[in-house]
Structures are given as C-alpha cells and as structure tokens.
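Dropping the structure in here first, questions after.
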Amino acid sequence: MAKPEKVTLQEAIRLIPDGSTITFGGFTIWRRPMAAVYEMVRQGKQDLHLVEVNGGTHTEVLIGAGCVKIWESCWVGHELYGKLGACLDRFARSGKVIVEDYSHVHMLYRMLAGSMGLPYLPTYASLGTDILNPEYDNLGRFGLRNGSHPKIPKKKYEIVRDIFSGNELIHVPAVNPDWCIVLAQMVGEEGTVRVKGQKYSDVEAIRASEKVIVIAEQIVPEEYLRRDPDLNLVPPYLVDYLVELPWAGHPTGCQGMYEVDGQFIKNFYEKSKTQEMFDSWAQEWIFGVGDHYGYLEKIGVRQLEDLRANQVLGYSTRMRRGSR
Amino acid sequence: MTKNAELAKPGEYKPLDLLATAAAREVKNGDIVFAGTGLPMLAIMLAKLTHAPEAVCIYEAGTIDGRPIHLPTSVGDARNEYQAAVAAGLNEVFAQLQRGLVDVAFLGGAEIDRYGNVNTTAVGRYTPAPEKRLTGGGGNPDINSLAKRTVFIMVQEKRRFKERVDYITSPGWRIPKWPSGELVPKQEVYGKFFRGGPSAVITNMGVFRFDENGEIYLDTVHPGFTPEQVKENCSFDLNISRVRGETLPPGRREIELLYTVIDPEGVFLA
Amino acid sequence: MTKNAELAKPGEYKPLDLLATAAAREVKNGDIVFAGTGLPMLAIMLAKLTHAPEAVCIYEAGTIDGRPIHLPTSVGDARNEYQAAVAAGLNEVFAQLQRGLVDVAFLGGAEIDRYGNVNTTAVGRYTPAPEKRLTGGGGNPDINSLAKRTVFIMVQEKRRFKERVDYITSPGWRIPKWPSGELVPKQEVYGKFFRGGPSAVITNMGVFRFDENGEIYLDTVHPGFTPEQVKENCSFDLNISRVRGETLPPGRREIELLYTVIDPEGVFLA
Amino acid sequence: MAKPEKVTLQEAIRLIPDGSTITFGGFTIWRRPMAAVYEMVRQGKQDLHLVEVNGGTHTEVLIGAGCVKIWESCWVGHELYGKLGACLDRFARSGKVIVEDYSHVHMLYRMLAGSMGLPYLPTYASLGTDILNPEYDNLGRFGLRNGSHPKIPKKKYEIVRDIFSGNELIHVPAVNPDWCIVLAQMVGEEGTVRVKGQKYSDVEAIRASEKVIVIAEQIVPEEYLRRDPDLNLVPPYLVDYLVELPWAGHPTGCQGMYEVDGQFIKNFYEKSKTQEMFDSWAQEWIFGVGDHYGYLEKIGVRQLEDLRANQVLGYSTRMRRGSR
C-alpha cells in the first residue's frame, strides 16, 4: 500500500504495543509530537524503549509517567526552560530507567545507518570520552546485549583500525525503531510530508523505522505540495498512519505555526522535580483534560493566539519573551 | 553613537556583558562558527556586528548562516532561519563539522578539569545508577572533537573546576584511549583526524587558555578579581604564573549593541 | 474506447508494444518501482494506467513518485519532476533502495548468462586494456543487489545469451564470492542482506524466469516464435521444458494508451 | 573568506593545474558544466584524474581531447543519444586512459564519505560482481596504489566481516577531489547556491572537494534566495569561485532553463567514434568558436529558443522529440 491510513490520534497510539522501540521527529523542544506523547500516557504504555537522536520535554513526560524502560540518546532537557531532565535524573538514579549514553553524532549515525539499510556507520566523533568507556555500557551491564533483544545491538560500539586512513575510529550500530512519530506542518491528502524550516533528523528517523505515524498540523491538497517537490521531506509510501491535529506540538514550537510555550515548559520542569508533583501535573494536564481538545481549551484561546506564529516571520511576535 | 574603542568603566557593565564580549572576541573575521543555545548566540551576533562581519554561524539543528532579526532562544528556534543560506538538518551540519569546516565553536559544561575535559553527563558515580544525572553530552563532545578551536563558557566554582571530572563527556587535551582507558594526549587518540581542541575557557572571573602540555592556565583575570581569587575557586592547583593582566572590559558600543540591537527584549540580558 | 480485456491480434502490434506490455505486467499494484531510461518508463506508465494505479516510481537521479504528463527520455529528465512527491538526489533514493523499500526494478544489459549474471561493462578481455568498452554498470548492479525483484529487458541474440558473461557487472543467482571468486548462490554472498534478484528476463522473443537453482528457463514464447527458435538464439543449452505457452499479446486498450497517452510524440515508439 | 570570488570562466579554469583530481555536478546528460569542460580543452589540460559518481557527454569530450589520464566511475554514455562512451572505449583500449570501475552506489558512497570527513563508508551493494574482482583493480595493476598518489587510496575496497549483522560487506574509500565544478540555475550575489529539481549528487561532490567552482546560469539577489532557505543547496562558504554564464550546460539539460539538445549530442556521439572525426568536431565546436558566446552564436538563436524551457513546466515544449 502506497498511501497512509488516516486515523484518529487514539487509534494510532493504540497500535503501539508495550515494549516497542520508539523514536520521534523534532529537536529538543521543537516540533515534538506532544499530543501523541500525552495520549501514550493516557493509554498507559509500558516498558517503552526510546532511541532518540536527542530528547526533550516529550521524553520527560514519558519517563515521568512511568512509560519508559530504556532510554538511548545523548541529551535531555528543556533548553532555556529547564536545565536538565528531572524525571530522567530520578528514574535513572532509582534504576527504573536504563540509560545508554551516546554523543549526538553517534545517535544521528545510528539512525542514519538504520535509514540507509546499513548495519553501522563509522565516525571518529567523540573518541576519548567516557561515552566509550567499556564499563559504562549500561545495556551490556544489565545483560541486554545477549542477542535476545532484536532492537539491542550486541555491542554498544566497536573500535576499528581503518586501513585507508591508518587511524582508529568507531562503528556505531544501526537502529531501526519499531515506531517513529513525527509532527509536520503540512501533509498532502495522499501522504506526502512537508516540513518547513530546519529538518533536524526527521528523514533519518522516518526511513529507519518500521512503522511511521505522521501527525499533520493540517492536511492539504496533495497537488499543492507536489507543485514544489523540492520542498517535501518524504513520499506517501514512507508513512503508515496519518493523523490531522492542530497544535499537536504544544508546548514545543512548530516553525511557521506556533512558538515554544516557554512558561508552560518552565512550569512543567518545576513540577517534574518530584514524582508527587509530576503525578499531579499529569492529572491536571494529561488525564484531567480528557483529550487533545480538552488540553487546548484548558490552555485557552488567549495563550494560543499569543503563541501563534506571525505568518511572514514564522514565529510569534506577540509573545513576551524576556524581561523588557 | 559611541565609538567601539571606548571601553566601559567598572560599574558600567554587568558580568554577563563581559562574558559575551570576551566570547565575541574569540571569533575571527571569516570564521565558521558553531554556536549553542544562550550566551554563545549573543557572542556570535556581537562579533558579526563588530570586528567579524564575515563570520558565519551554523546551528546544530540544521540552520546555516542565518541572519536573525530577533534573538533566537535555542538552536532549534525558527528565528535562526530568517535569511539563512540553508535550512538543512543535523546530517548536513555534522557532515560539515566532521569534514573540518568549523573554525570555532562555543560550548558549555558543568565540570571541567585541568586538561579541559568537560562533564555534562552525571555528577558522582555513573554506573550502575548515577548519583546525579545531567543533560548528557548532546553535540558537545562531537563539536569539541571536530572543530579547530572550542571556547567553553562556564560558571567559576570550586566544585566545577576539578582535578578530574566525574565523567569525561567532552574531550580535552589529555583523554582516555579505549579500551585501556590510559590517559594520553588528544593528538594520539585522534591521529590524522586531530584538528585542535579547547582553546579558551571563559568564566565569570577570568579567561583561561591551555599550554603546550594541554594544561589549563589563567590568561587574563576579569576586572575586580585577583588571580589568587580565581585560584581559590579551582579544586586543582591552577597555574596563575602566565597571567597577562586584566580581561579587556566591554566597549561602550558593544554594550549598546547587546542591549539595543541584539537582545532588546531582555531574553538573556535581564 | 476499447476494453482492456480485448487482446490485439498478430499484426496489430509491434514487437516493442509487446515488450512494454509484458514488462508492465511484472508490476503489481502498490509496488515501489525503480525504473531506468527507455522502455521501463513506458512499462511503469502503462502499469499505472491499467492494473497498478497505486504503483510508485523512483528514478535513480533522485525523483520520487513523479506524475509526468510528457514522457521522460532519461532518469535525469525534468519531466520526471512534474507533480513528484520529492525531488531529491541519489543519496535519498539509494538509501531507500538499500533499506529494502524497492519491490521491483527494470534493468537492461548487453550480455546475460544462465544464472542471470549481466554484463554492461566490457566485451572480451577486461584487463589490462579492454577489447570493447561498454557504458559500465551504473546503478544496475546496485539495484539488482538491493531490490526484491528485478526484470531485465534485453535483445535476444546468440552472442548476448552466453554460457558465461565476459564480465559480471550485475549479480545473478550464482555469483563469485571474493576474494576467491568461487561461484556460489547469491544467498550465500548476501546473507542477511539477501532480498531477491532477477525474476524475469523479457526479450523480443520470449519471457524467461529462473528455477529453484537460479537457472534461467523459458517461461512463455512471444506469438510468432517457437521455443526452439528462442533456444537457437542462446549460446547455452536453454531449458525450454517448462514453457507455459505463448506470451499474452498486448490489449487493444494498452496499445491505445501507449500511442496516444504515454508516447504520443513517438519518442520510443516510432 | 566566506564569499566566493567572482571570476571569468577562463580565469576559473586557469586555476586548475594539470594532473588535478576533478569531479562534476550533474547526472549523465543533465546539468553538466559543459562550458567549463570546453574551456578545459581549449586550455589544453593534461593528465586529469576524473572521479565521478557518473559520467556523461562532458566526460567523453575531455577524454576525446586527450585531457584525461585516469577515470574512476561507474558509467559513461549519452543516454538515448549515444549508447556508450566511444572516446572512453578508444582510450581505454589503447591504454591511454586507466579505468577504475565501481558501481553507482560505490561511487556515491566514495563521494559521500569524502563529504562527511570519513575515510570510507560501508555498503553491500554490488557484492558478487566483477567490480570487486581483485584482478580487475586497474590502478593497483598499474602500481598506482603505493601511497605516493595522495588521491589514490591504498586499496580499491576492503572486504570486512561486520560484528553487528554477522555479514560480510565492503568498505569503499573516500574521495576528496581537488576540484569540483557545478552548474546551478541560480546563485546569490554572496554565493548561496540554489539547484532546482533533482539534486543528483551535487552536495556530496561540493562538500567532498577541496576547491569548488560554481557556474551560475544567473546571479540573483542573495536576499531573494534567503527568503526560502529550504530550497537552497549550499551556503556561500562552500564555494570558492563563481562564474555567471547562461547556457553553460549546453548540450546537456538544465531544469527550468533549457532542454537536453539531443540532436547535438547524437551528432557528437557519431563524430566521437574515431579520433579524426573527434578532432575535427573539436576544431569546429571548441577551438573554432573561440569562447562560450562564439559557441552559442554558432548554435543560433532559433535552436536555443527551441531548447528553452517552458517556465511553468521546466522543460521545453517547442522542441520536436520523437517521430510524431
């Protein structure tokens, strides 16, 4: 089938089994499919294995809600609005989440290798760091590299000596997540995906993954997107399920659509520092609102309009950002 | 308008203004700069408005040579894309980085040691479960491996300037060679791929550089501090024998640019 | 308009029409197709207009799912980009190919052997200097390695259907394992990366397929030819014991589409 | 220096020393910098080492004119307009050009590796072919893999067994050509490059190469290109020299600008079959015309206008292509 199936958010998320390996489009606090993340929490997903080029607010929500068992990535935090991942800190300290640290290039190349059908890619980025300390291979320490987990490579990385350069470098293993969830500004009726602005590592995440859910801020005429194929990210046959949902990235930002809701993230970050506060935040903002539109109603029109991007500049010019 | 050459007097600038100015001065005209979120954005914009108009900025999220008219708050920000040459993705910018195109990069860290090794991953024990988890490395170790020069901007505290960092997230001048973990010069680990490494550390108290052995020393001390005070804020025995004098304060024109052109909204400069 | 089911009678179609139609019939609805210059373009367009409206075409030069309204003459042609989903480059389409997304690909060749190994590089001696240089492999060997099924369109001549091709440009079902060069089944060389290989060869005389041992046999013979005539146009001892009968001639509707919708200018169909 | 230097075509080509390793933008008979190739012939370049993701009419012109010593690639021909590279056939048979055969993926990955700063990339494309026959390593047979040629790797490729997949695959060595020449539809005054339509392997060729010459069909306001950074290929600092020259790709095609001149290529292909005919063709079309504008005058306005692309469709609708 060349075309994605159009489904509701609830239907799409229901397809994801507990224990799945998952990755997301976006970058830190930008263009994250937050509505899907909230719905995963509502549906009580368990034992998720996140493999992310980088993490962000969405990662923290999933970890705080107890959905995650393994997190392989290089970074989690909320940029200016929260200096670290307080949930990850708590869950890693208690051993409830196993963390495997790589560098940004390593994670990108793991996803890129997966997206190119290769078992690994070479790099010399981040040699000489504790990322490569053999004692710090956490999945190995927990006995998860014995080959019985199809999505966990036998080794964290391999040191090789290259005959062409005469140098040592490393091979990082490919990843092919079971699921990838991406937020896009525009998707055509048949499924062509257009992402405006920075592409982050979305195309690598999509191609690497077995199943792809795309959440579209808006579904537009296919013919319109195809007038300018230079601007499109991936063709319809790379998308399995398509959901249309406005503001699906809030509180993260979406180029040309809306701004990062910094105050919202700052508040979440504060609440994420203890499990009790997190739970009551989740009660208020995830379970209590019922669904995505309940969430948007709770945020309110005034705030949404402040966040809405200026259609010429692509970001909000109404939102107060600083002290002046 | 005030002249660039007129330096501000003590009391006429804030610590952050000095940091931004000192960081901007690390950019040479024509440099290709890799900048992260926060202060580095002020620094590169200031450099471009003053002595380095032909410097070019690459952001990790994929934007190349943006000309923002509103200060971006993070590397993923849509503001970076305004009048950018290319809005690409990580693969493009990391390819350029690994290809050796980046002259200077600005980075941060929670802990640093005498060889410029930096920790942004975990404080205390790392495994089986960390004592205190930080953000993780992100692109910090990659950029520090692959750029010709890197400049760290950090807070000066005894607990942050350590004899040995708890976790080497980002490689300094003496680093472990795996699998043995023996500490050797960076050149030995990177071989033909060696391009450089940490060239300056700028804190709220001074500017540090690295000697022939890759050891950190105090280069200039910010006005209002003494080398001894800086030394007291390091856990290791800081070399203060090479101090050249005081860090040049910001120019009046630089302060004006920071507050009226670069960050008029007070995003970073409250 | 004629019905698709009505088959043309001998004399009502040209050899090229039959080739294009037979090739089109190798495309299943929903297939992701990798097509090269020439006849394959007619075949994929015909398939999409008849039994495989949801088939999608990728061109090696970078265009994905184009909907040309004028017949392209080569994979690099701007006509491919009309109403395309993505106008990318080689890296994107080869990544999709190596990732295993391509169902069927159309390829050509100057020589083929009984195991479906194809030569497009050089005839006669290869080294130190070739006796006769051809185009070289291009993407032929890559596509043949990485797609699930490949269909070769070739001219039937004794000198082209050889016991062993002079140079294995594109891998068939028994191929050399280097460095020894021993001929082994394709599955053994590709291991986990094995996806398939040549599934049909279509010539001006018949349609060939491959048996369990990867050996070529004649599947159907085009109207007007006998299996023995085909065998005479092979240098090796062709298996004609499994011939199912005659190749289905083109439908009248297919011919109409070829001449009025797909190639009204007579680019390929003179 | 972040900006390319604007020079004439003659100046740009004069910078290229004999013996240089060179690659080109474009694909077979599309968007090839033909004006630059003709000028290389006029200036009598010698001993060039071409490393091309694929070849085309431009390759044949350079080989026929005796400029080339080594050709590493996977394909040469003229698509519909000439079924093989007759000059390469002649020069390879006589041993005047050393050919190193790879597959298309191999060549792309060699360029991609170079463009990513990597010494090699892995692939399993084209295993089990004579491309990997150790006896067919021509540069090795001619003693050129002894390490004394900086642009010739020590091995044609390496077979490796990968620990992650348990499979064999190969590593193909990176290439970093001395020079890359690319034709683009639009370049900004400061050097931002925009390529319309299929990108072929242009960005890989540009990033891999030490020096880059871009020939622009037109130089446009930088600000215009920067309004839509999603559409641009590379930033100014990746371009060293910039030449503005219309129709610089003729007889190859240039999306949105002009069509492939099939009759011209067909005629060239016929003439390329013997050295005598090639020489007289070169006399007529390269030396005799003096420069690029002389060449265009000889083609004539009528033919150029037939080739000119329809501005909506991006290709010519006036040119007769077939038999009807």
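By letter and in written order, the chains are A, B, C and D; residue numbering begins at 1 in each of them.
By our rule, contacts are C-beta pairs under 8 Å (C-beta built on N, C-alpha and C of every residue); 3 or more make two chains touch, one makes a residue touch a chain.
Predicted, not measured: the structure shown is a model, and the values here were computed from it.
Compared on C-beta pairs in contact, B-D and A-B come out with A-B as the pair having more.
Centres computed as Cα averages put chain B at a distance of 41 Å from chain D.
Chain C has its Cα centroid 56 Å from the Cα centroid of chain B.
Chain centres here are Cα means. That of chain A falls 27 Å from that of chain B.
Of all residues in chain A, those that touch two or more other chains are 118, 123, 165, 167, 169, 197, 203, 229-230.
With touch defined as above, residues shared between interfaces to two or more other chains in chain B number as follows: 63, 81, 87, 98, 146, 193. Contact topology of the protein chains: irregular, matching none of line, ring, star or complete. Taken together, the chain D residues at the contact with chain C in this complex read 26-31, 53-55, 73-77, 79-80, 83-85, 88-89, 92-95, 99, 101-106, 108, 112, 123-136, 138, 141-142, 159, 165-169, 197-204, 253, 255-256, 260, 262, 309, 313-315, 317, 320-324. Within the complex formed with chain D, the chain B residues making contact are 30, 32, 54-56, 63-67, 81, 83-87, 92, 95-101, 146, 193. Of all residues in chain A, only 1-3, 115-118, 192, 203, 207, 223, 225-227, 229-230, 232-238 touch chain C in the complex they form. Considering their complex, residues 118-123, 153-155, 158, 162-165, 167, 169, 171, 173-174, 196-197, 229-231 of chain D touch chain A.
If you check the complex, the residues on chain B that touch chain A are 37-38, 59-63, 70, 73-82, 87-91, 94, 98, 121, 126-142, 145-146, 167-171, 175-179, 181, 186, 189-193, 263-268, 270.
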